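Next, two complexes with chain A in common: one pairs it with chain B, the other with chain C.
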Partner chain A sequence: MTIMALKRVTRLVGEELHLDDVSLNLQSGQLYVLLGQTSAGKTSLLRVMAGLDRPSEGQVMLGGVDVTQKSVRQRNVAMVYQQFVNYPSFTVYDNIASPLRLRGFRRAEVDRRVKETAELLHIEALLGRLPAELSGGQQQRLAIARALVKEADLLLLDEPLVNLDYKLREELRTELKALFARRDAIVVYATTEPMEALIMGGNVVVMGEGRALQAGPTLEVYHRPGSIRVATTFSDPAMNMIDVSVRDGQARTKTGLALPLRGSLANLGPGRYRLGVRANHLFLQRRREADIELEGEVDLAEISGSETFVHLRHNNLDWVIQEEGVHPLQRGSAVTFYLDPEKLYVFGDTGALELAPATTPLDHAA
Partner chain B sequence: MRYAFGKIALVFYLLLLMLPIYWLIVTSLQTNAQILGSFDLFPPDPTLANFTRILTDRTWYEGYINSLTYVGLNVVISLSVALPAAYAFSRYKFIGDKHMFFWLLSNRMAPAAVFLLPFFNLYSTVGLFDTHIAVALAHCLFTVPLAVWILEGFMSGVPKEIDETAYIDGYSFPRFFVFIFMPLIKAGIGVTAFFCFMFSWVELLLARTLTSVNAKPIAVTMTRTVGAAGIDWGTLAAAGVLTIVPGAIVIWFVRNYIAKGFALGRV
Partner chain C sequence: MNKTENNKAWFLVLPVVILVAFSAVIPLMTVVNYSVQDIFGPGQRFFVGDEWFRETLRDPRLHEAFLRQLLFTGTILAIQIPLGIAIALTLPTKGWGVSACLVLLALPLLMPWNVVGTIWLIFARTDIGLAGWSLAQLGIDFNFTGDPLHAWITVVVMDVWHWTPLVVLLCYSGLRAIPDAFYQAAQVDGAGAWAVFRYIQLPKLTGVLTIAVLLRFMDSFMIYTEPFVLTGGGPGNSTTFLSQFLATAAVGRFDIGPAAAFSIIYFLFILLFSWLFYTAITRISTGTR
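Moving on, here comes the complex of A and B:
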């Protein structure tokens, strides 16, 4: 088993801080999803891991050896970019074969591996074509095949599915998950989409402003985000946030809304807090006796397939409700919605998590 | 209607452009007596004697060999110097890179005559006078900046990720450059070669001043046609036709990319 360790890695470009004191331990045979918004430092981190960029401070250790200054050519890494990067003047076959040939494999061995990998990615029928003659999805399959064929210790994927259409993305994502499961490499997969992180599973590293905000098994981080930053990043649509002050078993907002605190929340000491609730824990129908009833005015109802995102205003606060089914609500119409108080996240004044809702097996379906 | 008018105007313009070349060809196919004797739109009795004289007389065809030699040298030197330079400008940031890039082009703003005397002095001192390499090097002063500019444009159109992927795959830099990168910009290389060729082929001032006998360019040989008996029009015209040929051949190869080259690769 190989372990890659980043030790207090910082990268400054000019005056800009691209990576800020990142420390991580990555194990072979595991998948790590780097989750973060644009310019959160995902790509910078991948490039430092690959050896394409050097950290300004800190060390990169691979299998106990310091590889910080080692050039990318001497490291056994593979990388897939967001853009479809292939060698345009080589055929599909030569593209996949090129990393093997450079390592001096015998011709028969190269041939065997190229065909095997091409089959895994379902491009075995295209081996004689040039990359320009492939569709976008096929081009990215080729790039992935070239990354897989060399059986690198470290496989890096920088938002590989972003430039594909929805259908292809889902298809390739499922395939990738299965491919990674069989690999003995450290797989690092960067994405901006919380849903993608949940589907890929494995471990997640939530990034923000060049920092690794939180790392751990994906579901654990999803259910217990350590801070407001992590909760917002790892939630789509963004988590609804309310500032409250707690007194006498009630949480009051500045605007006069009072939420009774029950269950595990009853023990909250007096003080100022921020309450968070995910959009899929707000409902348009009452589900339980304990649900809190709230009134709001519809701003926008976005219908995406089988779900509706209702953006609404309640007491000058913006809320988003994610509801199953199609709900064509008129802008400006009044709506009653329900909040499940057991699903509230409580963050302290500093933004650190104080209380997370208990997880039920049902949530794992999310 | 407007379309038709545009067409007619273009055809007229084309005829106007082709007229001198046509006249050159017609003249080259006649004897001096015919040229001076009558005005013919088509040569009444075409002869290839003028061409035969040039292609068999050593003092004549040597001019072409000299010209082609230093032009060829110039293209090779320009490309082999400009390729790495353009790569550096397109891929790396270094102190003063933008200023240097602009300064390169500003070299071309000076007329060749400015450099004439220094070149002559320098080459006479180091013993390069009247050699092919002397003219090729002198022309590099003008062709290298142009080549760097054109190639840089083409190179910047290739995503940097391709370089990185090649390094990740384990390519050494020379191998990557020759086998992956150069095929990607082969149109740019062709266009650059064309521009270098054309500059060096038609440049006369430097070529004439820096040579005397051994590396005398064809354009200088052509002045020989003025003799005590007047000007040898037929031979002069035939020599003129032959100087157009190499350029025309080169243009044929890069005809699809020339527009991109004029935009210095930036489209």
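Moving on, here comes the complex of A and C:
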């Protein structure tokens, strides 16, 4: 088993801090999803891992050896990009074969590996074609095949599915998940989409402003985000946030809304907090006796296939509700919605998590 | 199916039809008209059929001019295309140097063609021109008005100076359009600088190179002003290219019939060559074997 360790890696480019004191341990045979918004430092981190860039400070260890100063050629790395990167004048076969030929494999071995990898990615029928004659999805399959065929120790994917349409993305995502599971490499997969991180599973590293905000098994991080930053990044749509002060077992907002604190929240000490509710924990129908009833005014109802995202205003706060089914609601119409008080995240004044809702096996399916 | 009559659509294409008619079709038909007639004056014309065409194609002076033209176009393409690519590869990619280089490179392109000829006419003189004088100081008996080879070199160098920047600009824009990820991928694969050029940059440049080759081919095949100003086609006929040959026939000798026939041959020839270049390059770039 190989371990890649980043020790206090910092990267300054001019005046700009691209990576800020990142420490991580990555194990072979595991998938790590780098989750963060654009310019959170995902690509910078991947480049340092690959050896394309040197960190300004800190060390990169691979299998116990310091590789900080080793160039990308001396490391066994494969990379897949957002753009479909293939040699334009090579056929699909030659494209897949190129990394093997550069390393001087025998012809029979090259042939065997190329065919094997092409089959894994279902492009075996296209071996004689040129990249320009392939569809977007096929081009990215080819790029992934080129990366897989190397059997690198480190497989880096930088938002590989962004430029594909929705259907293809879903299809390729499930295939990739299965492919990675059979690999012995350290797989690092960068994405901006919380849903993608959840589907890929494995481990997640939430990034923000060049820092690794939180790392751990994906579901665990999702259910216990360590801070407001992590919760916002790892939530789509963004988590609804309410500023409250707690007194006498009740949380009050400045605008006068009072929420009773039940269950584990009952023990919350007096003080100021921020409460977080995920959009899928707000409902348009009452589900339990304890649900808190709230009134709001619809701003916008976005219908995305089988779900509706209702943006509404309540007490001068913007809320988003994610509701199953199609709910065409008129802008400006009044709507009653329900909040499950047991699904509240509580963050302290500093933004650190104080309490997370208890997870039930059912939630893991979400 | 119900066919609805809607003649209004014709009015929409009418402006283009008129424009094309006056700019291309009518002048071309006039030339066709001249090429099959012998004209002595207003009202005195005889239909001569393909006589002018046969006479033109048999003319040994035309054969010489044609070979000279091929040699000239071949030479400048062989110099300008590789040189243009090479310069484009060495240009800076960021910082203030980019605009500085691009502006400097674009300067020759902005000059009127007869000015280019005049500049080089002075530049190559051994008494007051920098280039001519320097060569004379080096002990070379440089004389572009007397020595055919010197005249040739001067015309070629002038054209390279004038038009290589066009190739550079086209290639530079082509190179900038290659996403950074390609270079990274090549680095990850362990590819060297030559492999990067051969397998990434050159294939990605085929589009702009097609345009560059076509433009330079057509332009150089029709070159007139600069050699006319610089050498006047001489010494002897050594730098008389096709368009000058045509101008001499039509304007100088007033042989309108043969000149018209030659114009048509000339036009068809350029069309044919451009088509050949285009299909050859697109074949290569799409890999059709």
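The rule is simple: the second predicted complex is superposed on the first by the 366 of 366 C-alpha atoms of A that agree within 3 Å, B and C clash if a C-alpha of one lies under 4 Å from a C-alpha of the other, contacts with A are read in each partner's own complex, and residues count from 1 in each chain.
Keep in mind that, in the parts below, a residue touches a chain if its C-beta (ideal position, glycine included) is under 8 Å from a C-beta of that chain, and two chains touch if they have at least 3 such contacts.
What you see is a predicted model; the values in this text were computed from it and never measured.
Novice: Clash or fit: chain B and chain C on chain A?
Specialist: Because the two structures are overlaid on the shared chain, the partners are seen to clash.
Novice: Which partner does A:Ala132 reach: the first (chain B), the second (chain C), both, or neither?
Specialist: A:Ala132 contacts chain C only, not chain B.
Novice: With the two complexes superposed on chain A, say which partner A:Tyr87 touches: chain B (first), chain C (second), both, or neither.
Specialist: A:Tyr87 sits against chain B and chain C alike.
Novice: In the overlaid three-chain picture, which partner chain does A:Val346 touch, first (chain B) or second (chain C), both, or neither?
Specialist: Neither partner.
Novice: Which holds for A:Leu102: it touches chain B only (first), chain C only (second), both, or neither?
Specialist: Both partners.
Novice: In the overlaid three-chain picture, which partner chain does A:Met79 touch, first (chain B) or second (chain C), both, or neither?
Specialist: both
Novice: Pick one for A:Met200: touches chain B only (first), chain C only (second), both, or neither.
Specialist: neither
Novice: To test your reading of the overlay: chain C has the stretches 3-11, 111-119 or 237-245, and exactly one clashes with chain B. Name it.
Specialist: So the stretch of chain C that bumps into chain B is 237-245.
Novice: Can you list the residues of chain A that meet both chain B and chain C?
Specialist: Touching chain B and chain C on chain A: residues 50, 52, 72-73, 77-79, 81, 83, 85, 87-90, 98-99, 102-103.
Novice: What does chain B use to touch chain A in their complex?
Specialist: Residues in contact with chain A: 159, 161-162, 164-172, 180, 183-184.
Novice: Taking the touch rule as given, give the residues of chain A at its contact with chain B in the complex, in rising order.
Specialist: For this pair, the touching residues of chain A are 50, 52, 71-73, 77-79, 81, 83, 85, 87-90, 98-99, 102-103, 146, 150.
Novice: Where on chain A does chain C make contact in their complex?
Specialist: Residues of chain A touching chain C: 47, 50, 52, 72-73, 77-79, 81-83, 85, 87-91, 98-99, 102-103, 130, 132.
Novice: In the complex of these two chains, what residues of chain C are touching chain A?
Specialist: These residues of chain C touch chain A: 179, 181-182, 184-185, 187-191, 199-200, 202-204, 285-287.
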